[in-house]
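Once you scroll down, you'll see the structures, which are given as structure tokens.
The two complexes that follow have subunit A in common; it is paired with subunit B in the first and with subunit C in the second.
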Partner chain A sequence: MKALRVAAWALLVVVCLIAVCPDFFSPYSPSRQYRDLPYAAPGRYHGASPRWLVHGEPYRWLGVVPTSLRLVAVPEPGRIFLLGTDEFGRDWYSRLCHGASVSLLLAPAAALLSLLFAVAIGGWAGYQGGWIDVLVMRASEVFIVLPWFYVVVALRAALPLTLGSTATLFTVFALLATLGCATPARLFRGLVLSLKTGEFVIAARAAGAGGPHIFRCHLLPFLLQAAWTQFLVSVPAYIVTEVTLSFLGLGVAEPTPTWGGMLVPLQQYVVLTSYPWMFAPAVAVVVVCMALQIVAPPFRQSPDAVTMPV
Partner chain B sequence: MNGWSLVERFVTSLVVMAAVALLTFMLIDLAPGSYVDELSANPQISPATLARMRDQYGLDRPFYQKFWQWGRSVTEGDFGYSFVYQRPIRQLVAERLWNTVRLNLAALVVAWLAGMALGLAAAAARGSAVDWTIGAVTTILLSSPAVVLAIVLLACAARSGVSLGSLFLPVAAVAAVWLPAIARHTRGALLSALDAPHMLAARARGIGHARLLLVHALREALNPLTSVVGVSVAALLSASLPVEVVMSWPGIGQLTFDAVLKRDIFLVVDLVQLSALLLLAGNTAGDVLLHALDPRISRA
Partner chain C sequence: MSPDPLLSVSHLTTVFDTPDGSVRAVDDVSFEIRAGETVGLVGESGSGKSVTALSIMRLVQPPGRIAGGSLSFKGRDLLTLDERTMRTVRGADITLIFQEPMTALNPVFRVGDQIAETLRVHGRASRREARTAAVDLLRAVRIPDAASRVNDYPHQLSGGMRQRVLIAMSLACQPSLVIADEPTTALDVTIQAEILDLLREMKSALHLSLLLITHDLGVIAETADRVAVMYAGRIVETGPVRAIFREPAHPYTRGLLASMPGGRPGRRLLAIDGSVPLLGALPPGCAFNPRCPDRFEPCTAAPPPDYVVGPERAAKCYLHDRQSAVRNPQSAMGTDATR
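Right after this comes the complex of A and B.
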């Protein structure tokens, strides 16, 4: 089991590296079209001989630093398509690398945001008790019952069309994080509720410590452990959410590659049956989510933990 | 769970549902444009007709007035009118509700039967290759989004060319979403039941492995599993929505997706209410079941 966990961590590190500098790891730009080679099977074309660490098509690292260094590239007119191409002849592997940046940077960000909300709101409600607690718990019930799907669509439609796809995506995920904080908030509230009657808290209060101090120094360390577990559990849920939204056409708009958006061609029967390499993003999603599951510390799953946004 | 707490829960649910409806109207109001605005692109429809439609459906009113009007009609048993389908919503939903219920009931039965069988098999042979394989399968399924499961199943069916009943694929996809959680909970509950001291005592008295597992441990494990029943009933709908859309299953999920995209506001609100109602009902059913099966919880 230990070897498996190490392997999962290694995989996650590699995928995160790819997500941070997708251009370096991919031979082509994600939007570069080779119209002469639509739906090309994985392999080398026009007598290509791959070279390692060469200067290929120029790009900007992190959108700022101009460079052209790529891990693998082939001199013209050779072509190398590790995972084949799509209907416009775009390199599927390069698109997969670029899709990783959206899926794997946004999902942890949303998970982190939702945890911040959850710790703050849940901790506050649990510590204060009384009518604040009742109000927050009732409000969280509304959030849990509210079908997030409609909210996302309504917001997606409310955003001006001129807004870039990245800005839209950030807003959608910020909203998902806000909606998703209800369940973990209840968890943290329960934790604080059971902790605040502990002797160490009473001792701290007797020594004259104020509420914020007690929360920060005596309660927060306990919450952080639960928060870390919750983080690892909720990241796959957000990745899955992005995949579903983009697949249904409500996520990122087309030119920007995301793992969910890359599954859209599979809605065509021909693609579904004849071009197996188009399943690559599905495999990527499943493998990354599996790695996250293996890495997550084992814990007694409460039935609440079963509910995922999708 | 006594009568009083049921009444309390019922009242809370009503308040929650009203809040959800108000929020839905508010969010629809926030979004620019409406169904009528899209019609205005059609030169064959005169501005006067559009204005009359707006007035007739009350589209120009603020969200709280829409909410108030909607609430009053609902208490009279009128669920509104879909202006996209040009039919009363009650008819529209009634036609499709059975499809979704049929799909989800079948998926629920399949997921529970298969999930519990897998959980039992894994617990019976703890640490063996069988246990490991079942663990791997549930991990893979748990990592797959519903849309991916639906696509893969479609691809398999298309490749094999075998024609199955129309219900088979959607049920398999929705069941596959729920199966891993059920299998894991079954295995976990059984293992913690098997580790209890009285199991050792039972084994010392010569009770066989199969009887120990199926009669003694399973009965004890059913208790934590009942709380999963409520959650799984409630969350089935959210799993079935993407599956319905991908597989073109004419159910509530697909209707919802279309209604949201086309801004059929009263239909959207009614469908959101329906899903919220099913969720609350599922939770309540799970709790009632739990209290009925384990009197210790009511006493605590």
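Right after this comes the complex of A and C.
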């Protein structure tokens, strides 16, 4: 079990590195088309001999630093397609690397945003109690019963068409994060409810501490523990959300690659049956989500976890 | 009576609003604590001792609320202070020591930081000063090797040491009143004696007043100057410790003293018949009447008022109405204390 968690962590670190500098890890630009090689199977073409750490196609690291250093490249006219190509002859592996940066940036950002809201709202409601608590919890129920998918479709329809696809996607995810904060908010509210009647909180009040101080020093450390687990659990959910939206054409538009967008060709029967390497993004999503589930620390299940959620 | 008590609690009433109506956990409680005095508050579990303590600190949690009375502390009524001013009183002028030192300390902070926190929230010290003060306080409550113990987490300390830490926290801002809510209940008997010694010593060294809440009459006998006996949210008897132990005036106090172990060996321990009534369903009249061996007609009619039964002594029992009526036909003392 320990080895599995180490392996999962290692995989996530590698994927994160790829997401941060996809150009370095990929031999080609994601939009470079080799029209002579559509749906080419994985392998080397035109007598390519790969070289490590060479200067290939130039790119800007993080969109700023101009460089051309790549981990693997082949001199012209050779081609190397680790995961084959799509119908336009674009290197599927390079696109997968670049897709990781969108998918793996958006999901943690959305999860972080939603947890931020959740800790603030849930913690506040739980600490204040009374009618504020009732109001916030009833409002969260409204958020929970809203079918998020239809909300997103409606939002897409409502947003002006002049808005760029990236801007739209960020709006959509900000909305999803807001809607998604309802469930963890209830978790944090419950935690605060059980903690605030704890004697050490009353003791802190008896020592003259005010509300903000108690929240920061005596409640937040416990909430952060739960928030970390919640974060690792909700990131896969947001990855899958991005995949779903992009798969249905509601996400980032071509030519920017995302894992969901890269699954769109699979809607064609011929691709589904004849070009198995096109499944690569699906495999990537499944593997990354599983790795996240594996590294998420379980809540302590010993009986004392009830009274002392340390 | 002394002219200026440090804390004077008068007609304090704290109710809990439950779906079945409001329950008076503290009902018309009056007592006072003078400077440098130790007052013991005794009673069984659920008699309202802890709620009285929390009410004095104004820390009663909803659905509980203070429904009436006044808490005059150093000439100010604590019940009329706004929350911000009240915070400057809590932990600085009046401090509270809890029963269970494990749960009263935050498990994720070092004990030194928790002591320093009290000083910091009252703006009494800078971060560095607070740390030195924490070591000094730990030394003062006789924790060995205080300089390294400040870096310990609560779970690394024994129960007695944790209670010493709580005492150190409560003394950090040099309060004038310390409320100790069952400070020894969670401890071993030998440790109990040490903690009581420490409390007594600190009390005389720092000229504190101490409100000692306990269900242990032995602790009261050793430590308190005066005692108030609580039953079902009311104080049924008050007076100097010696006088009450020698000659209890209320049947409940008599029953409590009779049920203390330590009589002749081999004799059966006496117990008060029946059990404590639920606060939501108190019997009419005197709350103790169903269990009282001396019950007679007026007991079930109305709750008895305070009767003066000796110098600085009062008891809520109609028995004394009969006696004082015989001795003193006017019986002015009794009616004067009635609400």
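Convention: the second predicted complex is superposed on the first by the 298 of 310 C-alpha atoms of A that agree within 3 Å, B and C clash if a C-alpha of one lies under 4 Å from a C-alpha of the other, contacts with A are read in each partner's own complex, and residues count from 1 in each chain.
The rule is simple: contacts are C-beta pairs under 8 Å (C-beta built on N, C-alpha and C of every residue); 3 or more make two chains touch, one makes a residue touch a chain.
This is a predicted model, so every value here is computed, not measured.
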| item | value |
| --- | --- |
| Fit or clash - subunit C, subunit B, common subunit A | fit |
| Subunit B versus subunit C as contact partner of A:105, first or second or both or neither | neither |
| Touched partner set for A:13, first subunit B, second subunit C, both or neither | neither |
| Which of subunit B and subunit C A:129 touches, first, second, both or neither | second |
| Angle, in degrees and to the nearest 10, that opens at subunit A between the C-alpha centres of subunit B and subunit C | 80 |
| First (subunit B), second (subunit C), both or neither touched by A:202 | second |
| Touching partner for A:141 - first (subunit B), second (subunit C), both, neither | first |
| Superposed model, subunit A: greater residue contact from subunit B or subunit C | B |
| Which of subunit B and subunit C A:218 touches, first, second, both or neither | second |
| Which superposed partner A:210 touches (first subunit B, second subunit C, both, neither) | second |
| Closest Cα approach, subunit C to subunit B, once both complexes are overlaid on chain A (Å) | 15 |
| Shared subunit A surface residues [contacts with subunit B and with subunit C] | 307-308, 310 |
| Of all residues in subunit A, those that touch subunit B in their complex | 138, 141-142, 145-147, 149-151, 153-155, 157-158, 236, 240, 243-244, 247-248, 260, 263, 266-267, 269, 272-273, 279, 282, 285-287, 289-290, 292-294, 300-301, 303-304, 306-310 |
| Residue ranges of subunit A in contact with subunit C within the complex | 129-130, 197-200, 202-210, 213, 217-218, 221-222, 307-308, 310 |
| Of subunit B, residues touching subunit A in the complex | 12, 15-17, 19-20, 23-24, 27-28, 30-33, 139-140, 142-148, 151-152, 154-155, 158-159, 181, 184-185, 188, 227-228, 230-232, 234-235, 238-239, 241-242, 245-246, 256-257, 260-261, 268, 272, 275-276, 279-280 |
| Parts of subunit C lying in touch with subunit A, wherever the complex brings them together | 54, 57, 59, 61-62, 84, 87-92, 95-96, 98, 100, 103-109, 117-118, 121-122, 166, 169 |
